[in-house]
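Several structures are given next for inspection.
In the two assemblies presented below, chain A is common to both, partnered first by chain B and then by chain C.
Entry: the complex of A and B
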């Protein structure tokens, strides 16, 4: 053995802390961390169940700072983004957000995310994977400037049925009153905070955006009401259950982005991901992928579709193969036991002929039985993937 | 005049469960509730402004996930949050914590006894083995062991298989669990009095047995056989209190077309030619139906609603012999702030789960002695929970609701029935007890609602205030529950069914009796589809 492995690395050389790191590190009682775009983020603080239920019952905080953020500005920004997105960006008013996919010329989804219209000529795009190269390609010929602002903005998701009251506690009643997918800037602690009524949990919730040097102050103000509001900081383990319940898809889990896929078979069109509703064919002119999407629809739609599954029993169907009779027709991409629904749920990609709601498939589920693999065949009914949609979400 | 397909008497959680399943299958159902509010003992009530009390039952574990799924209870607002830890605290400032993390539990027990800490893992293995055997039987109608009908034979075969998979060790332990006293059973594993006291708590809750009474070991099993989100034996809070369970069930029943009438007290059943044809209400109104389903306990059903002349004498005798003794009381307390428990100062998370006052086996047995003598325990066993750690809907921000389950409390006292003065004295005993573990506790009490077994009987209608509608001892379980020969939710009168906790598999807000009864009713009605 050589000694080279024991050479010390310079501190901070490996992963970047997020602007909330000083606070989250102190509360991370089990020291569970993971990587997210070169940053350390929390997997769980103490108990994923507790963090999950705080979100479904009261409120939680989740550090979204590593999310990639891009500012697109200029007189041609609207037209550029309208060409890039499948949704009609010209209808997006300042102070509003939208969620939707963007595709390559063959209609294959590159990614999906939220777009904030901060003013008439300034937008912000939030994405999971780097987009600057694609944005640059899309901006050619438009009067628009591009800038990555990931490190300039700290982000904190405040989600859950009590999130509105929590904002009120902080003197941000005006922000609390934002409409669903609304966006605004508000005075906070002698400076500014940007608040969007968006989120990844399917619950009532907001995302709070602030300058990194004021991030800890925001955290402290929120945590000051933690006890009376049952507000808990949350890690990614709990979030994954919440997002599956909400039916939110994840790049590199439900599909591979068109710009990164090695195999064409791993890419999806918006219709294949259940995002047909976000393709606005009524908008005039061309947008990336339009002709391919139209052609696919004319030919009967995608070969495979993303569906929700309601699975019998209590064993989560992680990676389960799906069968119709003896024919293998698809595979589960995400699965969990839903504590709020007390149901065993999954997101899956299934051959289109077997993807209509109500269709019963057979899921071949493997699970660990002490130290051996157990196997069950469970009935899996195709359902709409938005498993949990509480009325208070839009209230 | 309108004739329903089914009348359900009593809007407790099992009555509502049965109603929802029946309505879902297309039956025209009406639920008749004597009180102005639905829920029976699964109810949330605002007695002090801004505070919601889970007046009777207070935690949830056994409610079957299958029922939540079939009836889509989350859509009707039901959320159940498991609490992760529980603890027992002692007067000398000691505590012992039970955590989700087995290593933490082991450390905690090791402070009292290193060997017990290791034995605890084996104890849990033995317990979980039995749970694995019992759990699949909960949503099954107990098979009639004397019948040769195909479904009974199938049921017996299933029962036999469940026992067979236990193996030699498991089978021997099953015998012990069903017959031994909890005390004898725990003595086989443990030496620490505090540990045994805390585990024995589960074997006496709702039961008029002492920890050294034979048969009490099963009750322990009954309390850990539930599971929440995959955690065996975990208990949880329903957001909005236990009334949220009933409200969600009522929502499901109404969604499928069931009618729910409150303030409708059934005075007697209308019986013609050995067949129940409807009910007569207190005001004289008659409601007719093809069948009647009683959510009341077996004594109330057959002693109050039916004339003895309509029933076989031996059946009535068996009903009268059914053990349904009251043994517990309840305090619902509104708190100005969180109480301090010095014993938990180093583990504040333990405040969030159940807090037991159960010093030792001796402590429990002496408490039981008082009950036998017609007194409430002078030093009572307490199961304390503060759901507002998790549920912000039950108290104003910063304030808290505390539920205190108390045992032993007799349904009538040696010197006569309960009076308001005696109730106050009983409440004082409990508050004084808490004060011993949380100095200054009394100063933060904003409201305290004391409930004796007699109050629970009068208000909710549970005979003697017994929370399980009949004790959970082997002689009254499976095909013996509630009456041998009538364990399949039917009775001697045609068209009359039972769906309450007096029937298999018993109480604990499982919903299983209601669901099982509905299945039997639909079987008789030859309705196959359960929507």
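Entry: the complex of A and C
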């Protein structure tokens, strides 16, 4: 008997392993996996708390290989990317990275990410969602070639206050000395490793980029110094707390990319995401969305803004509605208890009139109370979203 | 800037391109008191309309041999008659040619002659034809006012936009329930299905099909060819809606009248003045750089060049949003129409008297299947064995168009022509077009083959090369529903305004499209002048 509604059994694995899979699988004691751009990545190895504290007090390793990577090269690459990014790419020197958003013609953020300038005419863009189609649209009229290099580069985030020492342990003192948002290629194990002083945790840290066939060797060298430095492999659950503390926004969580949004109301301009600082209106060239962003500013700015919230109590305000009196003015997009700050924090989108720091809103928080829903009303004070910015991250 | 830059003069308004739309825009701006310069890259004015051979007795040949929609408001406001515009024939007869020498005549002047002619094929169709013409007339008349208006945007929050939609809605409402339902039903249909619904005479259906696709790369079964038919019928020439007229002196004389009107209002017209770059400073027009290195100092530019040429070449993609650039690149506009001119030693015998021949527009499109099969071939890069065509002998009714050797020139417009002939180059396409046309002429006008003294042809690629319009399409861009009105030339550009402040699109690529109507030029000029007044 056949069931016409059943899915056929897949002929093979649906998700690809990352280049570090052989090593991470052996350490994933609770077998907690999730999908990330077609790959299997670790949710937690055993204890999210331990992984979190390793990052905040020592160091951690997080496999970022599934992040989408694109190489943009050619004599027109700089001009093309300067037209694509809201920041001034002409000021980005070889061996440096920048973080910023890119927008569509209406000034709506498509995504934000890091751009590495590997040489005068070669850049690498890192993104969470596929961008080839948009890059292709942006490349028209410019002398630039595009190539997706996701599968050609394995990535490992080495983050935490001791990450500099860990790099030193590996004989990569030169890489450890990279300036904040610096980038370089270094000799490693008879080959090359690319190191960028970037990360998603808000802490001191690096991202290590290496050919996939040498990924496990890199992992092994790092894990050989794991115990003396309390270097721990980390999963996504701990990372989520770290990035909220750092105030880093996430596409499809804080906003929906302009090219994917079904509803216009779900898209945001850079100003709406607190990325106004990354819009360089002084740069001479035009960039996608410039006219729209200027028009929005002239009209008084976005209707909604991203804010940080300091929430009373200890119930994380996941998805909480926000009220000013009886008026509903926004909603929480990300929330957590911050162990390092001992504060209940959240990222939220609220109506612009209620977005100034110091404004007190009321958060309607629902939580699971064993088998029933609990509800608390908590005071939520609007604050700058960069909750945790330790001085040593730039040190 | 180096000292090498020479001054090209200072004007309120510079018009890129000396085609008819550019001249209309220039004349209107000059009449509004602006100092205006027209910059035409080539040696002659008239753009696509006057393209054609110049020597060998073809002196007055021009691609737009017949005119079917010159805006009457423009004829009046630009005083084109005072500046020399005349029609040798104000309403031509449509004559469908059939293999074997039979003719079907749809006379613009004599309904009784039409009834008799159709009645020879089908008394039923003869009865139905007047009602069909009246029906298309009513529906196209409802659309006609919008050909002279700036399309609205989709910003419904603006009152002026809502008002325009109300106006559009009211025009539909005024049609009455029956016609409104009819319009909504047929506007997205193809002309094949509509003609099949109403008529049984192949020749008549072929004529309807031909008029629905001429200029576009369509077959009668292509979507919304009823809309393109209605748009053609919405034009008014010499006081008659949907008619076709023969300008005295050919398209060159019409262009000369426009140029004279512009000059009389104070516009300066330069030929061989190629614009190399539209200079943009901080998002607004800051002059024009010409190919000779000189600069025109101006803050308003009306460009009648193809929208892609204007925005992607003269301005540059880097000044524009990538999604707008993508929209422009996706706009379809590969030409599907070609011209052949033949100089004959004697009058060809189509079964019409010389005077009737002089006032007729001959169409060879014997049935709808013929047109559709021709389109099928063309869309796969092949040339159909027999081409659908429109034939005129302008010299018979207009001695000015006889040419220097006083021999009749047969002007042929060919439909279903591939932009690129598969595995062949353009010279081979040209040769094949000449061969097919002479063979068709020998067939349709027996004995005329031996009298051919000279032949000239013009392929879409040659139109492209001569005018700089990529694709060499009559309308710059096809005029199907997806590229019309508020979607023309591309979403976000339909109000003639471009993202570059001070730069306006005024050519055939903008609403309502090509044909010698002057409407894109006029609408754009009015929009630009109004914007200058309100400071937007």
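Basically, the second predicted complex is superposed on the first by the 383 of 395 C-alpha atoms of A that agree within 3 Å, B and C clash if a C-alpha of one lies under 4 Å from a C-alpha of the other, contacts with A are read in each partner's own complex, and residues count from 1 in each chain.
Keep this in mind: contacts are C-beta pairs under 8 Å (C-beta built on N, C-alpha and C of every residue); 3 or more make two chains touch, one makes a residue touch a chain.
Note that the structure is a prediction, hence the values are computed from the model and not measured.
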item	value
Fit or clash between chain C and chain B when superposed on chain A	fit
Partner chain(s) touched by A:141 [first = chain B, second = chain C, both, neither]	second
Touching partner for A:162 - first (chain B), second (chain C), both, neither	first
Contacts of A:84 with chain B and chain C, given as first, second, both or neither	second
Contacts of A:56 with chain B and chain C, given as first, second, both or neither	first
Touched partner set for A:47, first chain B, second chain C, both or neither	first
Chain B versus chain C as contact partner of A:331, first or second or both or neither	neither
Which of chain B and chain C A:285 touches, first, second, both or neither	second
Angular separation of chain B and chain C about chain A, which is computed from CA centres of the superposed model and rounded to the nearest 10 °	160
Least Cα gap, in Å, left between chain B and chain C after the two complexes are fitted on chain A	43
Common interface positions of chain A, toward chain B and toward chain C	none
Residue numbers on chain B that touch chain A, as the complex places them	65, 68-69, 73-74, 79-82, 84, 100, 228-230, 239, 349, 389-392, 397-398
Chain A residues within the chain B interface of the complex	46-47, 49-50, 53, 56-58, 162, 227-230, 314, 337, 339-343, 388
Contact footprint of chain A on chain C as seen in their complex	283, 312, 316-326, 329, 492, 499
Contact footprint of chain C on chain A as seen in their complex	79, 83-84, 104-105, 134, 137-138, 140-142, 285-286, 288-291
